[in-house]
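Each structure below appears as structure tokens.
Same chain, two partners: subunit A is paired with subunit B first, then with subunit C.
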Partner chain A sequence: MLLNRENSGERWRKRRDGREKVTGELRYLTDMTAEGMLYGRVLRSSHPHARILSLDTSAAEAYEGVIAVITYRDVPGLNRFGIAVPDQPALCEDMVRYIGDAVAAVAAVTPEIAEYALSLIRVNYEVLETITDPLRALEDTAPRLHPQGNVLHRTQVKQGDADTVLQNCTYVVKEVYSTPRQMHAYMETEGGLFVPEPDGRLTVYAPTQHGYKDRMQIARILDWEEERIRVISSPIGGSFGGKDELNVQPYGSLLALKSGRPVKMHNSRMESVRAGLKRHPMRIEMETGMDEHGRLQAHRVRIVADTGAYATLGAPVLNFATEHCMGPYRLQHVDVEGVSVYTNNGVSGEFRGFGGNQAIFAMEGQMDRLAEKIGMDPWEFRMLNRRLPDDPGPLQQEIWRTNGLEQVMQALAQSSLWQRRTVDSALPAAVMTGYDPVTSASPVPPWIKRGIGSSLAMHGAGLGYGIDDPAGGRLSLNAQGQIEVAFSYEEFGQGLIATLEIMLMDLFHCTAEDISIVIGDTDLVPHSGSSTASRSTTMAWMALQRLKTPFLQAVLQKAQEMTGIPIDQLTTGEHGIWQMITEEGEEMSRKRVVSYREIAGVTEDKELTFDTKFSYPTTPDEVVGGHFLYTYAAVAAEVEVNTLTGHVKLLDTYHTVAAGPVINPMGFVGQIEGGSVMALGFTLTEDAVMEEGHYMTRNMDTYMIPGIQDMHTSLEVEVIEDLPENDSFGPRGIGEIGSVALAPAITAAIRQATGQWISHLPVPREQLIQRAGRWQQEGVSPR
Partner chain B sequence: MKATSMQWQAVVNGKAQEMEIAPSRRLLDILRDDLDLTGTKVSCEIGRCGACMVLIDGQPMNSCLMMAYQCADTEITTIEGLHGETESELHPIQEAFLEEGGFQCGYCTPGMIISTKALLDRTPQPAEQEIKEGLCGNLCRCTGYGGIMRAVESAADKCAHRSSLSPTAGLPMK
Partner chain C sequence: MNRQSTASSLPAPVLPHVWEPASAQEAITLKRQYGADSAYVAGSTLLRTQWEGGLLTIPAHMIRLDTIEGLNGIMEDEQQIRIGALTTLRECGHDHRLRIHGNTCSTACRHIAAPAVRNLGTIGGNISSAVGDMIPALLVHDARLVWMDTEHHPSEYEQELVDWLEQVRVGRRSLYAVLLGIVIDKSGPDTAPDLHNHQNSAPFHTSLSSEPSWREISFYRKVGRREAFTPSLVTVAFRALMNREGVLVNVKAAAGGGAGLAMRLSRCEQLLEGKVYDPRYTAELAALVEKEWVSYSDPFASESYRRQTAGNLLAAGLWETLHQEMERG
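On to the complex of A and B.
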């Protein structure tokens, strides 16, 4: 089904949190203020790699209007943070390892004074060699950035004997792919308000993707009991993985406690660029061989990921890339090695797609090159080599079987966009010339080339085997007579609140007003894990499946006690409990017999409150990081390349996604469209350029995210909602799947249009600019 | 402070405002910090992203680039000043963004809606290319602009319908 407003009927609903967004009434956490509030600013390192010889804050402390200055000496607990490996200093002691490292922080009565006070802090550095190239970092002579050396993590997958088989393959394609340091570029930069409470607690109002994880990390830094800290973490002005790790929280918390006053932090865009996470730049070398019939035989992969100065989730990102660099294909002989390397380039970490984007770009690039080598249609070639439904996962682990892969492959093959592709692409540069369905009246100038490409992805969801991946939730009838759910998931724009509302209306046939949704506050919500890895929709759905029966039973029991009507005639509905009356020979009638509010009025505290705890489903096989649930997607893209300027324009785009039933169609379409355009930036324009450890692209004028003029001409989202009959995992998350497969489809289209194979992202425009001689052959004379 | 301050006055969302401030104070800070109108957002602070877009005498302007002296004695409309025929009703543009999913995190939305207002005041029935030109100064990282395009097209229809019902309602906000 093509997913759009027309085809969605009443399920296309205005978002519950929408009105306050379109009116500007919504207070984001960075809009908050408090009486007596101070402004916090952080002094970042002047050098990407240096030893701190001395640190003198006395002049800043003495400046009028400065209330608190902090350095590492003011950190009572562990002076480190990091979700997986706490190796990043909250405030550096003796070394700085990247340009965003924090050396000191100031709270002052105005932002101007705080900013000025930073300039009064004297730091003497001994500048050290800057490691900008991960390959240099791996050399024995490179300085060691961490006590254990410069390797954060290594991965390895070996099956069969790839080296020997590759030597005997009829066709082998070898290529090195490289991908950019993409920035999340959420519109709301990091920030928040930190309030010391009169009862000795601390309230942290700061966006994150996992409030409880922030609470744990802040408690570890402060050396406090976690319960003394309250983290309020939604609403959020975008995250995409980028606010998963701590950012300003250590400084806001420490400054608030030292000054005894509320402290507001809000990064400027330039500070956000300087200190914030990015997507791992990866260098992926692939050598893939097939037999004379086009069957894949062996696959050799070497991944080098630039993880920057600190770990955060660099290791799991590499695990994910390793798992996904084999694609949804049957491969007998596999030899994959990955290494994630510390450098002095920023910090790379979690970002929508989580290492899949880079791996899929490389693997799909191989598939297109191999297909062309043997003269096969690229989609038929993929069809020939696809995994079958009963095959194990890429790491030979047991995975949940669905027909998703088959279904997306068929859907794409039948899409009008793919069928429009000229099969005869023997002369790639000339093939598409002169064909323009939009303005067929005017001939297309010969320097404009068009092509269509496609790609395929299977993408794991959840954190994977061996990683704590808790889920849960709470369902209750609250004191106001509303059906209330509480989760520790966060709303960063993806539409969690809207999706929960639709799920509850589906389950209880109630109205939106009968529902209360509680998220984003560690004082109010149960532990149900993070909003990452495309997991929240599935987890919320599974939690509600577990909770609905005990909840319904208890609520209906209560209604039976109040009304005397037998429970089997009662059901939940609009504003209360309804009696369903079926009398012989007559149509069923229904009437409301008691309201939710009336039930709440006679309910003891917590009597109608139900909790559940479980974990995200994992593979039974002991393969660390291996996934169990996968979503499948196929993408086709048509591009227009201007070979005078090297400009690439994305035209028609098609995404088909097999992710189970669609709960929230507006949210689903939004995730695919948004993910797709984010991937367009990854492919064509985005790169946080660094030179010698310093960012050269420091704001949105040079870091180019797509604008409205860059978007596709059209984008179709076709959804495949079927799941196997025994499937109990419900709707799969789709927060990432829209962003992982567009790049290789675009580069395949560029190949068809221009004859150029692209292996580096963002696409180097200079590679697409053709010499005038080419057009002369096509009848154009230069002036 | 006398030497570096000015008596600044302007009409903000229909209400006269007067204050003594530095002539170089950014309109963005006047709105967010002095007037507590936090619907106008701060994001790039160099006039690229449009999150801080407001109308100054009906023209869309990045309030991060506008200093107090430059916008003294003007009429300023922020997102808080936009509404339907009554103050509690949504403006048709806001309604369209809500219906079409023209936002996700919502942080770019006030600026996006202000730019749409300026566009539709100028070009009531914009062609696709005119929408793209009208909104090319507003960045959105969530939606991929699909919902925004649909919202603007729908808003144009709604505004046209409304002005056909009431000849004054489609005119620029006063």
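On to the complex of A and C.
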């Protein structure tokens, strides 16, 4: 089914946080102020790699209006942070490893004084060799950026004898793919308000994707018990993985405690670029062989990921890339090795797609090249080599069986976009009369070439085997007579609140006014894990499935006690409990017998509160990082290449996604559209260019995210909602799947349009530009 | 590789003083008084990005030009269009007189930055930056700049845009001059030259017939790293008169883009002048532009890419424009 407003009926609901957001009325956490508030600023390193010889803050401390200055000496606890591996100094002691490293921080009565005070801090550096190339970092002669060396993490998948089999394959394709340092480019840059409370606690108002994890990390830095810290973390002006790690929280917290006053931190865009996380640039070398019938035989992969100066989630990202570099294909002989390498570049970390985007671009590129080599239609080639429903996962781990892969493949094959793909590649557009249904009357100029490409993806959700992946939730009837859910998930624009609202309305047949949704506050919500890895919707749905029965039984029991009506005649509904009356010979009628508010009025505290705890489903096989639940997607894209300039324009685009039942149609479409646009930037324009450890793209005037005119001319989303009858996992997450497979579809389309294979992203225009006038050789003339 | 460095200090946080002169003379007096610590400002749309990016130091004295009366708006007489330097890019882009008599300029204005910037940014600021996208468009109109650079009366004078660009190129630009306006001649057939003076050899054959019915052909092309709200990588503009036989005269071509100075493409102009353009030689024209235009490399585009793109845009732009002309008959 095409998912759109027309096909969704009443389920196409306006999100409850929508109006405030589009009118600008919504107060984000970085909009907050407090009485007596100070302004915090961070002194970042002047060099990408240097030894700190001396650090003198006395002049800054003496400057009028400066209330607090902190250095590493002011960190009472662990002077390190990092979700997976805490190796990043909150404030550097003796070494700086990238130009975003924090050396000191200041709180002052005005932002200008705070900024000026930074210039009064004297830091003497001994500048060291800057390592910008991960391959250089791996050399024995390279300086060691960390005590254990420059390798953060290695991965390996060995199966069969790939080397030998590759030598005997009829066809082999070998290619090196490289991908950009993409920036999250969220609307709201990192920041927050840090308030020391009279009772000795600290309240942190700062966006994150996991409030409890931030609380743990801040407590570790402050050497406090976690419970003394309250983290309020929603609403958030975009994150895409970028705010899952700590950013300004260490400085805000330390400055607030040292000064005893609220401190506001808010990164400028330039500081956000300088200090913030980026997507891992990867170099992926692939050698893939097949037999004379086009059946894949062997696959050899080498991944080098530039993780930058510190670990954060670099290791899990590499795990994910390793798992996904084999794609949804049957491969008997596999030899994959990955390495995530420290450099003096900006820190790479979590980013929507989590390493899948890079791996899928490379693997799908291989599929297109192999198909062409043997003269097969690229989709038929994929169909021939696809995994079958009973096959294990890419790491040979047990996965949950669905028909999603087969279904998305069939859907794409039948899509109108794919069906109009011509096998006669690279025809001059000017002779393709009638090609464009809108402008068919006027032929396209001869320097415009069009093509259509496709790609396929299976994408794991959840954190994977061996990684703590808690889930849970709380369901209650609150004192105001509302059905209240509480989760530690966050709303960063993805539509969580709207999705939860629809889930509750579906479950209890109530109205939006009957519902209260509590998220983003560690004092109020249970620990149900993070909003990452496309997991929140699935976890919320599973939690509610567990909670609804005890909740309903208790609420209806209460209603029975209050009304005397048998419980089997009662059900939840609009604004309260309804009696269903069926009399012989008459249609069933219903009437409301008691309101939720009335029930709340006679309920003891916590009497109608239910909690659940569980973990995200994982494969039973001991394969660290291996996933159990997968979402499947196929993408078709049509592009227009202007060979005068090498500029690529994305035209019609089609995404089909098999992710179980759609809860929130508008949110679903929004996620796929948003992911697809982000992938468009990854493919065509976005790269945080670094030279010698410094960003050349220091602001949004040189870092090019797609604007409205760059976006797809149309985007269709077709959903496959089928799940096996025994499936108890409900809707799968779709937060990332829209972003992972567009790039290879675009590059396949470019191949059809121009004959050029693209292996580097963003697509180099230099590779597509052709000398004007070549079309004369193709017989096109203005006369 | 060891060397020591010390983090630099900034001056104490003093907010810039903003001056609001009532006249250009007053602005010049202020500029002479504060010299390098001052800057003329109007829309400040480009300056503020340069200040934020550290490319320019925020001046201690900002001298507003938008408080000076009489520098805003577009005027015309029988021969000329005069655009006040403080006219916003939005006004320029929507002005019907400019659409008729300065089509490339009008098009350029509509493709600079984004609507919010065009509402504030002025044509004078775009030119004064020396790298604005307006400059190639104005070059093909032989635009003259009207300046004032002393407090003494009379001090207003006109200067060819191309001459001012040369001053910029050699570092002899006046530090004090205030741009008052831009003048372009209205389009018209009476400027068609004597065709007998234009007898070059192939690839473009010469027509000597004297065709009275001249019409202007012109185009403007800009390529950035995305479709809109992007600095230019390459900008080209072209303008000529053409008769029914396809003879081109008064050929003007220019290219610019990015942080490079725009320039007229005189060899390209000479090649086309007085000739009937033959589309079979598009590639040769592109190659000539590529050879003639001086550009540069940066992290976002190589010099060779910029040159080839400029050649392609100019050659294909001409091809396309002539194609459209032929369609119209």
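Please note the rule applied: the second predicted complex is superposed on the first by the 761 of 783 C-alpha atoms of A that agree within 3 Å, B and C clash if a C-alpha of one lies under 4 Å from a C-alpha of the other, contacts with A are read in each partner's own complex, and residues count from 1 in each chain.
Note that in this section a contact is a pair of C-beta atoms (placed from the backbone, for glycine too) under 8 Å apart; a residue touches a chain by one contact, two chains touch by 3 or more.
A quick note: this is a predicted structure, and the numbers were derived from the prediction, not measured.
J.: What is the contact status of A:Asp701 with respect to subunit B (first) and subunit C (second): first, second, both, or neither?
T.: Both partners.
J.: Of the two partner chains, subunit B (first) and subunit C (second), which one does A:Leu53 touch, if any: first, second, both, or neither?
T.: Touch status of A:Leu53: second partner only.
J.: For A:Val195, using the defined touch cut-off, is the partner it touches subunit B, subunit C, both, or neither? Pick first, second, both or neither.
T.: After superposition on chain A, A:Val195 lies in contact with neither partner.
J.: In the overlaid three-chain picture, which partner chain does A:Gln709 touch, first (subunit B) or second (subunit C), both, or neither?
T.: both
J.: Between subunit B and subunit C, whom does A:Val22 touch in the aligned arrangement: first, second, both, or neither?
T.: Touch status of A:Val22: first partner only.
J.: Examine A:Phe240 and indicate which partner it touches, taking first as subunit B and second as subunit C; both and neither are also allowed.
T.: After superposing on A, A:Phe240 lies in contact with subunit B but is clear of subunit C.
J.: First (subunit B), second (subunit C), both or neither: which does A:Phe492 touch?
T.: It touches subunit B, and subunit C stays clear.
J.: Once the two structures are fitted together, what part of subunit A is touched by subunit B and by subunit C alike?
T.: Residues 699, 701, 706-707, 709, which sit in both footprints.
J.: Help me check something: in the complex, which residues belonging to subunit A touch subunit C?
T.: Per the stated touch rule, the residues are 43, 46-47, 50, 53, 112-113, 115-116, 119-129, 270, 445, 447, 644-647, 649, 685, 689, 691, 696-699, 701-702, 704, 706-707, 709-710, 765-766, 769-774, 776, 781-783.
J.: Help me check something: in the complex, which residues belonging to subunit A touch subunit B?
T.: That would be residues 5, 14-15, 17-19, 21-28, 31, 184-189, 235-238, 240, 266, 268-269, 492-495, 666-667, 669-670, 673-678, 699-701, 705-709, 711, 715 of subunit A.
J.: Spell out the part of subunit B that touches subunit A in their complex, as residue ranges.
T.: Listed in rising order, the residues of subunit B that touch subunit A are 32, 37-46, 48-49, 51, 78-80, 82-83, 90, 94-95, 97-101, 103-110, 113, 131-133, 135-136, 138-150.
J.: Where on subunit C does subunit A make contact in their complex?
T.: Touch list, subunit C to subunit A: 1-10, 12-13, 15, 49, 52-53, 223, 225-231, 234, 279-287, 299-302, 304-305, 308-309, 311-313, 315-316, 319-320, 322-323, 326.
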